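Take this structure, written in structure tokens, and hold onto it; I'll ask about it next.
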Amino acid sequence: MEEIVKVPKQAEKGSGLTFWQRTYVPEIVRGLKLTAAHFFGNLAVHIFHLLGLWTEHRGAATVQYPEEMRGYSSRLRSLHRLTKRADGSPRCVACMMCETICPASCIYIVAAEHPDPNIEKYPESFDIDLGKCVFCGFCVEVCPEDAIRMDTHILDFAAYSREEMIWDIHRLLNNEPRRAEGIGQIRKMK
Amino acid sequence: MMEGLAVAAGKVAFSLFVLLNFVMLLTWAERKQSALMQDRIGANRASIFGFTWLGLFHPLADALKMVSKEDFVPAGANRGLHAVAPFVALFFALISFAAIPFGDQLWIGRHPVNLQVIDLNIGLLYVFAAMSMGVYGFVLAGWASNNNFSLLGGLRAASQMISYEITIGAAVIGLVMVFGTINLQTIVHRQGELLLGFLPAWGVFYQPLGFLLFVTAAMAETKRAPFDLPEGESEIIGYFLEYSGIKFGMFLMTDFVETVVVAGLVATLFFGGWQFPYLYRDGFHLPGGGILVLSQQVVCVIQVLTFLSKLAFFCWLSLLVRWTFPRFRYDQLIRLGWQMMLPLSILNVVVTGGVLLLLHR
Amino acid sequence: MPTLTIDGQPITVSKGTTVIQAAEALGIYIPRYCYHPGLSIAGSCRMCLVEIEKAPRLEVACYSQAADGMVVHTITENVRLARRSVLEFLLSNHPLDCPVCDQSGECDLQNYYMEFGLYQSRFLENKIKRRKAYPIGPHVMLDNERCILCSRCVRFCDEVSKSHELGIVNRGERSEIALYEGRELNNAYSGNVIDICPVGALTERDFRFQCRVWYLNRTASICPGCARGCNIEIHYNVLRPYQSKGKRILRIKPRFNPAVNKWWICDEGRYGFRHIDASNRLRECEAQTADGVIPLGMETALKTAAAWIGESIEQHGKDSVGFFLSPELSNEDLYAILKLARHLGISKIDFRNPGEHPGFEDNFLIRGDKNPNRRGCVELGLYHRQRENGGWMAEEIKQGTLRMLVAFLQDLSLEPEFKAALVSLKRLIFVGSNSNATSEQAGLVLPSATYAEKNGSFTNFQGRAQRFERALVPLGDSLPENELIARIAAHFRMPEQPFEREQLLLDLRAEFPFFDQSTLDPPDVELAYQTTIAQREHA
Amino acid sequence: MSLETLSDQLLAEISEILAKHPQRRPALLPILHACQRRNGYISPEIERAVAELLGIPVIDVREIITFYTLLLPKPVGKHHLQFCTNLSCHLQGAEESVAAACRRLGIEEGETTADRRFTVTTVECLGACDMAPAMQVNDDYYANMTSDRVNELLDKLS
């Protein structure tokens, strides 16, 4: 059974337009009607909001960041954090896998000897240059210790200088994840 | 003599006050209106002591920003013309508003004051002349910037002006033939009459085609979307590419001033200017026969408010059009001007002339 | 002379050759842990199992002798299965702590597991815990958990260093490498056990956590530690300076050369690279003035040096200038100096003679003569045995006939007669890489590059001239000696061309036929054993 | 660390063993057995003396001693109780008898009592699966050991 599908070959100039459409005027009026309807509709909603009525209906699709934020997907790659062991020390063993895989070369680790021979190695310093980071998430994928994650949902980490964009181990360890309830749900921030 | 000067200064001040405030509000309205049309909220961040007032402080913030920004002149630019160009553009846009009447005569004591900055019997020609002078500012800006893209923008502005100026003139000829004058105040007076006993004798009823042609061409004259080819700030970039700070702001203002002027012109020519239906110098005369007597001053205030309301409405319409339709392609723009609108406007003149000839016989 | 077929390729080998060696000769690499060409055969790891036709089961390639008509298949389904199983057993008690293991990247457990391994572990039982990461000698760290008991290190200590420190104690799954109480692995060649350990059980204390091995660059070089001239590889890290705290060279590995050092190198040579990044490196030219020592630009310094030499020759004759050379200079450096001396007519050239005080020597690799290029000096005709230790120079300085000295590398004040003489010397130019007592006394100091920072060759005591390649950019302003000489020579209207490296070598060989006969081969003919494995793995 | 550690009788025995062996290294095991017989265990001093005597590295001697469980590097009590805990004995409840012995003597497995009379160790197969659970006290075998029989045995020995 062959299904016949009409494939439009090419938009032809003026094809299939009626006379009135070709004069443009009624179509222009239709367009204006549509936008004007949105205008007055939203105007009414906003006036109701000013009067404290019908507030559960949002008058605009806009999210008023940073007063409001959407919940992000749990798979979103956001600011890095280093996870901790039960005693608060970093889980990282300075194996350099993330530094090696990093396509932006933005991770700088210096390893040192740990007093506990069962841990052996720990990161003396662990810096991420967020100005260089491309947020590919390879470091998270490659980590054998689950020591680095990108699940903080923090996206606002801008700084005024390049130096401030380099996050050291203390900042990375103390990044508390910030989570919203549901994906796409808007909530007020306080 | 002194009284006359004071009165003239008052009228100029009032007219500028109205015009510039409209401009300021338009920058706000453009954002807010487009936001509402697109289910957004629009600018609402500028605040003074925590009050945002629906974003009404944004024009202030813009002005501050523009004044304080670096005034950059590119290397190799003609510094003098580069500086003069925005003034030329803005000046002619501002003075073209002078001939538009915003009310009937107001009696202060025994002195009648014509509510119009300059009462010219060639008012319409004056407005057209002043508006078309503005294009020199744009062409100068494009040329003086020493930038090929600016120059192209300036040239687009010039050719667009030429294409639509003729249609504007030709579209109004029909109206002039109907009213028999080009004095704007007289045209407004003539529109105070009634057609068929109940319909205000507004130009739009005499000249519906002329109205359409005029509105379209006038929008092209203001260089706003869908006719914003000389500017096209985000993609094709225009004559003010090399402008920054308050000079750039002046070009922006010119746009809005022209919007207001065109709105005033449309109101004056086709919608009875300051005329409120059934309102005469002594009060309302309803078609059924009811009479409401009002003092001359009250009537005057109503007239001025009527004019301002019409002005506001046509500004709103202009914004609505600007945020509804996409930009023309350049060949479409020129073809529309020369092949559609000009022949139509000439046809309009011929038909009007024929009808008038028939009626007068 | 048995002829056998390995993977379809016939080969004839001498009697007594093992299958693994025959395969190697064909360029077929058979995985192995316990087999090492420099050690006796243990046959304990069972990794080199191959299929031999008509044999009832798989055989170990390292122990099976080649026989006539033998047909060997090194890679069949059975072999793969066997290797996978061997690896599964070897890893049953391995801690899998690759993230913290310095061996990862050059570990044969990793490499072979990637090729043959059973990726999904079936091991549910608890692993045996052993002692981890403890030093067993000045250079070596032992981790018993990672050990696969291939016994290479034990055999090395028994057969090569003959010091018998290591043994395998206990039985079965409790077996582990151990030292006798109170002993430590401190023989003069202890570092080699790190190289031959196929896993991360023996790691280098000095290199520990300095850098991951895949960040290292490698350059073939020659050890300057003694007259043996062991072939080495310099492993350095310049792209990630923050990791090794500014140190550029991180370790030295031996490079296989059957005629000189085989697979081995002594610990002194292995750790003899500290002066290259030491704090006393001379980084810029210095001049002694009335206001103390001031830094000079290279151009000014060379101009001054040339002016001093020129003035001295002009005012006091050619014999008022002397060159005091060092047998640590390369053949090229020496020849460049010789050319300049001839041009200027300077004949007073001598060396310090440490041959008088020979250092520690053994009958394996370490030579008593701690200079890498004495033989080169002799062959160039610069070294005159009758003039003992340059003492005559000290004498002439005292008498005032020798007014100016250009000293290379050596600390003259170590010699008692020079120490006294230097005071009366009018002008002293010191050319060297590290500061010492002489450089502090010198009126002008020109910084020179170390062997890792230049190209050149050393002639070892056997008479082999061996080339070394530049690994690093010279530190600071320093330059190789032959370049310094060439630029001084330019001030005496000598053209630059004869000092260019290739021309210098051509001239050298033309003038001294000795160097034509000796082996001035490019150094990368053969690579160290470990590197060979790594390269084959990745080929 | 010298030959003086070895008693004269021991030395005589060693030279007898050496006479039987043309090479020295193979004589190591019989010599160590002789030392253990005379001394009860092989102390580090003896270890070193034997190495010196045979001219082999001391670590080689250590390898041998740690490899063979019958060679004891530490002193044991007068009665060395060796419980088999290999498969057959384990299935028959060898662990219980070990526990009983330890409880009775107040020591852990592998330890010696304070009065140096008893040592409890677990060993691998004694080759007496037919009489599992089996145990060996010094050179004698005991069959079918339950906790009661262990107690009986200990009563008898003490």
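Odds and ends about this structure:
Letters A, B, C and D mark the chains in the order given here, with residues in each chain numbered from 1 onward.
Everything below uses one rule, namely that a contact is a pair of C-beta atoms (placed from the backbone, for glycine too) under 8 Å apart; a residue touches a chain by one contact, two chains touch by 3 or more.
Remember, predicted model here, so these are calculated numbers, not experimental data.
The most central chain, judged by the distance from its Cα centroid to the centroid of all protein Cα atoms shown, is A.
A comparison of the A-B and C-D interfaces places the larger number of contacting C-beta pairs at A-B.
Centre-to-centre separation between chain B and chain D, using Cα means, comes to 115 Å.
Centre-to-centre, using mean CA coordinates, chain A is 45 Å away from chain B. Measuring from the averaged C-alpha position of chain A to that of chain C gives a distance of 52 Å. The residues of chain D never reach two or more other chains; the list is empty. Contact with two or more other chains is made by no residue of chain B. Viewed as a network of touching protein chains, the structure reduces to a simple linear path. A complete list of chain pairs in contact reads A-B, A-C, C-D. Every residue of chain D that touches chain C in the complex is listed here, in rising order: 44, 57-60, 62-63, 66-69. On the side of chain B, the complex with chain A involves touching residues 33, 35-41, 212, 320-321, 323-325.
Those residues of chain C that touch chain D in the complex are listed here as 158, 164-171, 178-181, 183.
Considering their complex, residues 25, 28, 31-32, 34-36, 38-39, 42-43, 46, 59-62, 64 of chain A touch chain B. Touching chain A in their complex are the following residues of chain C: 97-100, 104, 132-134, 208-209, 212, 214-215, 240, 242-243, 245.
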